[in-house]
Amino acid sequence: MLYLTRRETFNAAHKLHIAEWSDEKNLAVFGKCSNRNWHGHNYELFVTVAGQPDSVTGFVMDAKQLSNIMKKEIVDQVDHQNFNIDVEWVPKGMQPTTENLLILFWDRIEQHINSIGEAKLYSIRLRETENIYAEYFGPTGRK
Amino acid sequence: MLYLTRRETFNAAHKLHIAEWSDEKNLAVFGKCSNRNWHGHNYELFVTVAGQPDSVTGFVMDAKQLSNIMKKEIVDQVDHQNFNIDVEWVPKGMQPTTENLLILFWDRIEQHINSIGEAKLYSIRLRETENIYAEYFGPTGRK
Amino acid sequence: MLYLTRRETFNAAHKLHIAEWSDEKNLAVFGKCSNRNWHGHNYELFVTVAGQPDSVTGFVMDAKQLSNIMKKEIVDQVDHQNFNIDVEWVPKGMQPTTENLLILFWDRIEQHINSIGEAKLYSIRLRETENIYAEYFGPTGRK
Amino acid sequence: MLYLTRRETFNAAHKLHIAEWSDEKNLAVFGKCSNRNWHGHNYELFVTVAGQPDSVTGFVMDAKQLSNIMKKEIVDQVDHQNFNIDVEWVPKGMQPTTENLLILFWDRIEQHINSIGEAKLYSIRLRETENIYAEYFGPTGRK
Amino acid sequence: MLYLTRRETFNAAHKLHIAEWSDEKNLAVFGKCSNRNWHGHNYELFVTVAGQPDSVTGFVMDAKQLSNIMKKEIVDQVDHQNFNIDVEWVPKGMQPTTENLLILFWDRIEQHINSIGEAKLYSIRLRETENIYAEYFGPTGRK
Amino acid sequence: MLYLTRRETFNAAHKLHIAEWSDEKNLAVFGKCSNRNWHGHNYELFVTVAGQPDSVTGFVMDAKQLSNIMKKEIVDQVDHQNFNIDVEWVPKGMQPTTENLLILFWDRIEQHINSIGEAKLYSIRLRETENIYAEYFGPTGRK
């Protein structure tokens, strides 16, 4: 098994805020991220696929194909968007935390990646700031 | 002359959008940055001061003092905020571009920095993404 | 399972040096790191916790709480300190290598992190220079 | 178990190109990487070893020894070279993809690393650009 | 005056080698960069323009337009190419050093940039590796 | 004029501390940097030379020669050393601040660089942490 990782970047706005809660409670739970009027990030998205290198091409997967899936299914839909308002596949009421976004991203790209060939989606990592990132290995966990 | 630079970071939302224009015209002029519902960035702010190192301390300026001014006058007021809505010293109708922010930032910190001692504010650089930054040397230009 | 990682930074001095050995033997074993008069690093510390995102907040763990534990239990005690002299929980005679520091750091934060909620400490990574880092998954190993 | 990672860098040329194929087919499969006249990269190579820290030195492995093996067996042989022409241990006809290089690198350093002491080679990561890297855990897979 | 900088990246092969010289002399003058069979780099290109922010848009220059010029006139012509062979506007016999490339790049983009509006090309910086970069301010020098 | 910059790195210990002062006064002036028992940094050193590219080689200066001077005159003398104790050309009683080090570094390399050929030392930049760096253009200032 070899693991190939591709990075893409995007910028987006979000807030962590529960409408039914008071501003005070939102602030207590979500801190500065609860600001009603949004804030945003330069996100870095890393998708890792696992497989054997093809005996002819030497590719686990064509990194260009991987990039295209990442762009079509994720980046083009969230870049310069507001996760809470603009992205229809973020369920209303779900907080667009790094963690929740990873699970949504996984569901959007898994089939597209896994249907190309032998290589399979292994993990997604999302960096929100230089100090925070999260990683997800899918519903069956880290293998 | 020696030049001392201090970096601070913050996250914020903004949009580049002129209310009097149609969405089409906004899109034509500002591209994806015109999204009505905002987007955001992890900003990196670099402030450079110029002076002679003190003969006793060896400091052009105490970097902690410089950091404190940057935090009090800029970072604490814009971090996790929306430049178009939340920051009262961004004039209504002024687009919060990297360029315009630099001029506003300059005006907010120049006196605070220049009143400490001999060192003077020399430049401010603001990085919006890994691919775009701008730099300003004040109203009298690069010396 | 989702994995959330938080980065903190600190600067410290250390040396790798066994007092009972000659300078020559110290040099042979520890190289330049054996310099009697210390050297130092800008360390980067990454702590990863594993858990399920909370169904309401979307957090595996509040990154601010994680940061606070890292600061209180590690950063505030080692930043601008000398690992060989100043940090009382580094056992006398233990070399403050990246590897040994990781084990000490694990023991200092594991209970604090694991007592917050469902998420558990998963790994600690310590970067000593741009060319060297180490990672530890706890006494029971990588899961 | 602790994991120690060392980074080294090198620059090299390569192309992904199958001589028996037309330029059109090469372009269709390998994209811009198929350019007959080569292109190149600043590669970053990360080698990770796993072991217990020595009770006296606190080292999983002497990072200088690890660096020396990486330099002698890999970097000195590929730096400023052409992977398709100059490196005799790249089999003719094998595409020098990041994935294939990792397998070749593994075979070149595994015995040298594993014969030093208790620590064993755990993984090799090769970064080709800021957007693409691959990782290999050896023929028996990720442990 | 405000200074706006845009970064683009590309990968290319080159060698520093004078055909009339022996390999020994080439090696003595150009070191490892003289390898007959090429080597390559991940280049980072930074172009800085200087001007006043537009009173309506707040832009010194539309960064997207700047990016488009950089791509059309430079990146699309050199990415995954060999500077010595493939790029027709590199004069035969001119060594494709970072320094010489900067002068060629300047001549390719100056008119395109300066004809857009009031902002003018100020400098070009080209990073060849993490340890080497060069900067050029045009034939009339740093202003 | 073209400007060529070379980066080298080193690790060192230092403290900012005036022996005649009380610990309290040292702490008030130098903050955490005053710790009696030292702290340290991973320094990044950037040296920039200015000149015309040679018409044959295309070099403003051979970057290898520049690197050699940086290593011989600075890096080899300070790497894994203590600036306050080990480096004899740091005057006793001079605080080894980033600013003062720059002036000392300038004096050590200026003649070596300027005697090679037409290119002249233009600036030295020293990065102490990811948040602080200083730059020096020599006793006659920025040209």
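Letters A, B, C, D, E and F name the chains as they come in the text, with residue numbers starting at 1 for each one.
Just so we're on the same page, contacts are C-beta pairs under 8 Å (C-beta built on N, C-alpha and C of every residue); 3 or more make two chains touch, one makes a residue touch a chain.
Keep in mind that this is a model prediction, so the values were computed, not measured.
**Q** In the chain contact graph, what is the shortest path length, in steps, from subunit A to subunit D?
**A** Steps on the shortest route: 1.
**Q** Which neighbours do subunit E and subunit F have in common?
**A** B
**Q** Report back the single chain whose CA centre is most distant from the CA centre of subunit E.
**A** Of all the other chains, the one whose centre lies farthest from subunit E is C.
**Q** Let me check something: if the centre of a chain is the mean of its CA atoms, which chain is farthest from subunit A?
**A** Relative to subunit A, the chain whose C-alpha centre sits farthest away is F.
**Q** For subunit C and subunit F, what's the span in angstrom between their mean Cα positions?
**A** Inter-chain centre distance comes to 29 Å.
**Q** With centres defined as the mean C-alpha position, give me the subunit B-subunit C separation in Å.
**A** Each chain reduced to its C-alpha mean, subunit B and subunit C end up 34 Å apart.
**Q** Averaging only over C-alpha atoms, locate the centres of subunit B and subunit D and give their separation in whole Å.
**A** 42
**Q** Can you list every residue of subunit C that touches 2 or more other chains, as numbers and ranges?
**A** 130, in rising order.
**Q** Touching pairs of chains, which are they?
**A** Listed in label order, the chain pairs in contact are A-B, A-C, A-D, B-E, B-F, C-D, C-F, D-E, E-F.
**Q** Which bits of subunit B are touching subunit E when the two form their complex?
**A** Result: residues 16, 18, 29-31, 94-100, 102-103, 130-137, 141-142 of subunit B touch subunit E.
**Q** Which part of subunit B faces subunit F closely enough to touch in the complex?
**A** Residues in contact with subunit F: 1-8, 53, 56-60, 62-64, 67, 143.
**Q** Can you tell me which positions in subunit A touch subunit B when the two form their complex?
**A** 9, 11-14, 32-33, 35, 37-42, 79-82, 85-86, 129-130
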